[in-house]
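Please read through the structure below; I'll follow up with questions.
Chain IDs A, B and C follow the sequence of writing; residue 1 opens each chain.
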């Protein structure tokens, strides 16, 4: 027994500070959040009573929250789909090796380095929807290039898809990272496997489909998870581009605007808890699957 | 799936993989590929172009309608104006981001190593528990976090801020290193054990020396995250220790937004993270290829 | 086994790293009152053009009079103050307040008073004799439960209609509208000439417009009644006023609303829009940043239906309970309430001083007219909704949500109902 303890004891010891710190800074604080979501705390003085699930039922019936959830769903769909597609295409283009690969890779990756505040500043201009003589931003670029048909009202479009316009700056910022993931995944496929398929007479597209693609599944899942969680937590981008616009309002923004100044702390905590469960629903199965498939290897 | 052909082209000089046949339209494919890459590069660079030329314009020339026009007179005036406001923040952010990313990378490396190669009972539960910490929305825990830091006396200076960044960076750095170490064969570790090395020694002298690519990934991610953070910075640090994002927000997020200055400050504020990318960039790809973040 | 040099390096580096952050630990606050009044931390969101200079002028005067106190100007911009307010709320709850913070006078402070975060300043008012130096209407508006909790620095006016005389001339319009009905007629004319009748900005500017449409259509007394529960939001007159609001918005450029109030004003300056409803901070912007001359480059009247009414808002400073440097904070508040301080701050900010004995010569052009009207006993004084005078934070927040929905679905009945319900729930 003592010998086994000496085997894994040090490891546990090394990891324990992290476990402890995260235990407090993540789980205890989350617990606080959940606790507050069951109170009637309104105003700047904390109130720790118990009102059951009232905050939750009220929130589900709250029109703004419903719009927010719908917006988030639209955004997540377009953002993840778009980033995956774009990142995959870029990886595909670079995979076989091109001249100036370093240059292209750096160009595609660098938007990640820029803070969201800076990204929002410039994209606010790009997504300007003035018309006629006050056309500006991307619309003006389209006009200058003779592509007027591409003109759009972006996030000010009176439609549920308005928020999809914000997937543009978000995708711009993160597609490069998705590309890096896919590229690494593609290049990690052993050449022997591809050779074997070629020897069997497969054409390049078929080699890709049957050999490379299945091995990209873990990369795909990794990318989806990271993109999904960024999508739910995204706040700075919406906040800085056009706050107060209901069409790009999300639960995270509602939580911010309703908690600190108006003082609806219980409602804010409820939104936070719901957001968290939403994220957990996506993440936990993935982690579970990931660990299981690792064990199987 | 069997197709036969007589022509076998082996292009060893270029080092490209041998192909059974080279389609006639291959050159067009290559041109199309370069065209696509060029167009994509334009898409990625276009906002930066707008950012740079606006930063170089004089105030009178700055308007959203004329944003694509080149400046008639290049002026570094905007940079000169905003620099004094950004100076302090620059120093603070550097003092914040470098220790924060280094420390959380080190701890992440330790965690990743243990969880991948020196497992203890329950390690497979510990990892998801750690990983989940990546997903909490920060606005939700502002109040209890500030309260805790306040009680610990860590509010006002940079050390509390660094601590918070380290702690909340642990999930992602642990993920990066765990994935990376998991893809290393067990033999090296076994060899060290046979030589009589304990966990710490194996970690420091076997695992760490081969971990630079993972460090690159981790440092890039953490440095960017710490450098671009606004919320924790404005809350936990007092005014003389505010990171650069607060100054940037004050210039660009206020009510009268002098766009030329806002863009100039955005550019200046992005320089360090860009530098980190340039310096560590090639290790980044290497690290990703070696399995960091593969999940 | 060979000790790798890199390994040793890693070990050494790690050890060194943990020592690094300790260099700044000296800045950590010790919580509670540390006694020494050698510095004062003042929290505000006055970081933009005009307000920044005004604040700095006042700080310079303060430092001159109190050379032993270091002034810590903690200004955080963004979101019309939401960034600053978040930081503030978090700190107040953790009992680590700044020495003083900016807040709008009126109901905006109510939740902080209720939570016991701010000190009663009645003693300071008595000591400085301020009750006689501020207008009665103002003192009434900021008295809660018989006590005073903040010191007002300035007075802004909300109900102003800004326009470019040249644009009106070109469109053949003789004078700005005197009622909202007249506005709608003019708007139709302007639309036919391809000029946007009214330029609008983000959410809070739409709320700003709403309060002034309500004021113009309902009159001062009924307007005040909306906020103290004596007027029913679903009564016919209010519903009619709200319908007028949707019509007015219909003539605005809501679809391509400006990102903030300055770009909205820019449209008036360049002639693409005829009118803009904004507070008198617009004067500072047009005169300063846009370098226009009052009366020739731009002009202003009271919003339709509100001549002789002063829809006011006021920036003020507080003394939080448990301020680390209470003595210094008091000195700052004295500066805020002094004639010198106010006369240095207000001309730069584009507002009139709260004190009635201010130096009139410092206020020129528009400000001179505003000051005269503010001090005229005939003027009716009402409080602004969008800037925290008449509605507490909770109700105001709910109105924001309801307004966002209202602006999109133009459902008047639903909006009135939501506002009334929110009032009852958050009284």
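Methods note: a residue touches a chain if its C-beta (ideal position, glycine included) is under 8 Å from a C-beta of that chain, and two chains touch if they have at least 3 such contacts.
Here the structure is a predicted model, which is why all the values come from computation and not from measurement.
Colleague: Could you tell me which shape the graph of touching chains takes: line, ring, star, complete or other?
Modeller: Complete.
Colleague: What is the identifier of the chain with the smallest separation between its Cα mean and the overall Cα mean?
Modeller: The most central chain here turns out to be A.
Colleague: Can you check how far apart subunit A and subunit B are, centre to centre, with Cα atoms defining each centre and the answer in Å?
Modeller: Going by mean C-alpha positions, subunit A sits 15 Å from subunit B.
Colleague: I'd like the Å distance between the centres of subunit B and subunit C, where a centre is the mean of that chain's Cα atoms.
Modeller: About 38 Å, centre to centre.
Colleague: How many angstrom lie between the centres of subunit A and subunit C, each centre taken as the mean Cα position?
Modeller: Taking the mean C-alpha position of each chain, the two centres sit 35 Å apart.
Colleague: By the touch rule stated above, which residues of subunit A touch at least two different other chains?
Modeller: Residues 128, 130, 133-134, 256 of subunit A each touch two or more of the other chains.
Colleague: Could you pull out the residues of subunit B that touch at least 2 other chains?
Modeller: Within subunit B, the residues that touch at least two other chains are 64, 143, 249, 253.
Colleague: Can you list every residue of subunit C that touches 2 or more other chains, as numbers and ranges?
Modeller: In subunit C, residues 79, 86, 90, 93, 259 touch at least two other chains, as defined above.
Colleague: Touching subunit C in the complex: which residues of subunit B?
Modeller: Subunit B residues touching subunit C: 64, 95, 99, 102-103, 106, 142-143, 146-147, 150, 153-160, 162-163, 192, 195-197, 201, 204-205, 208-209, 234-235, 238-241, 246, 249-250, 253-258.
Colleague: Note which residues of subunit B are touching subunit A in the complex, please.
Modeller: Residues in contact with subunit A: 1-4, 16-20, 33-34, 36-37, 40-41, 43-47, 50-51, 63-68, 107, 110-111, 114-115, 118-121, 123-124, 126-141, 143-145, 148, 164, 167-168, 170-171, 174, 182, 198-200, 203, 224, 227-228, 230, 245, 248-249, 252-253, 259, 262-263, 266-267, 269-270, 273-274, 276-278, 281-282, 284-285, 288-289, 291, 293-295.
Colleague: List the residues on subunit C that touch subunit B in their complex, please.
Modeller: 1-4, 6-7, 10-11, 13-14, 17-18, 20-22, 24-31, 41, 45, 47-50, 72-80, 83, 86-87, 90-91, 93-96, 259-263, 285, 289
Colleague: Taking the touch rule as given, give the residues of subunit A at its contact with subunit B in the complex, in rising order.
Modeller: For subunit A paired with subunit B, touching residues are 8-12, 14-15, 17-19, 21-22, 24-26, 28-30, 32-33, 89-90, 93-94, 96-98, 102, 104-119, 121-123, 125-126, 128, 130, 133-137, 140-141, 144, 172, 176, 180-181, 183-185, 187-188, 191, 194-195, 198, 200-204, 206, 218-219, 221-222, 225, 229, 232-233, 235-236, 240, 252, 255-256, 259, 265, 268-269, 272-273, 275-276, 279-280, 283-284, 286-288, 290-291, 294.
Colleague: Mind pulling up the subunit A residues that touch subunit C in the complex?
Modeller: 42-46, 63-64, 67, 124, 128-131, 133-134, 153, 156, 158, 239, 242-247, 249, 256-258, 260-264
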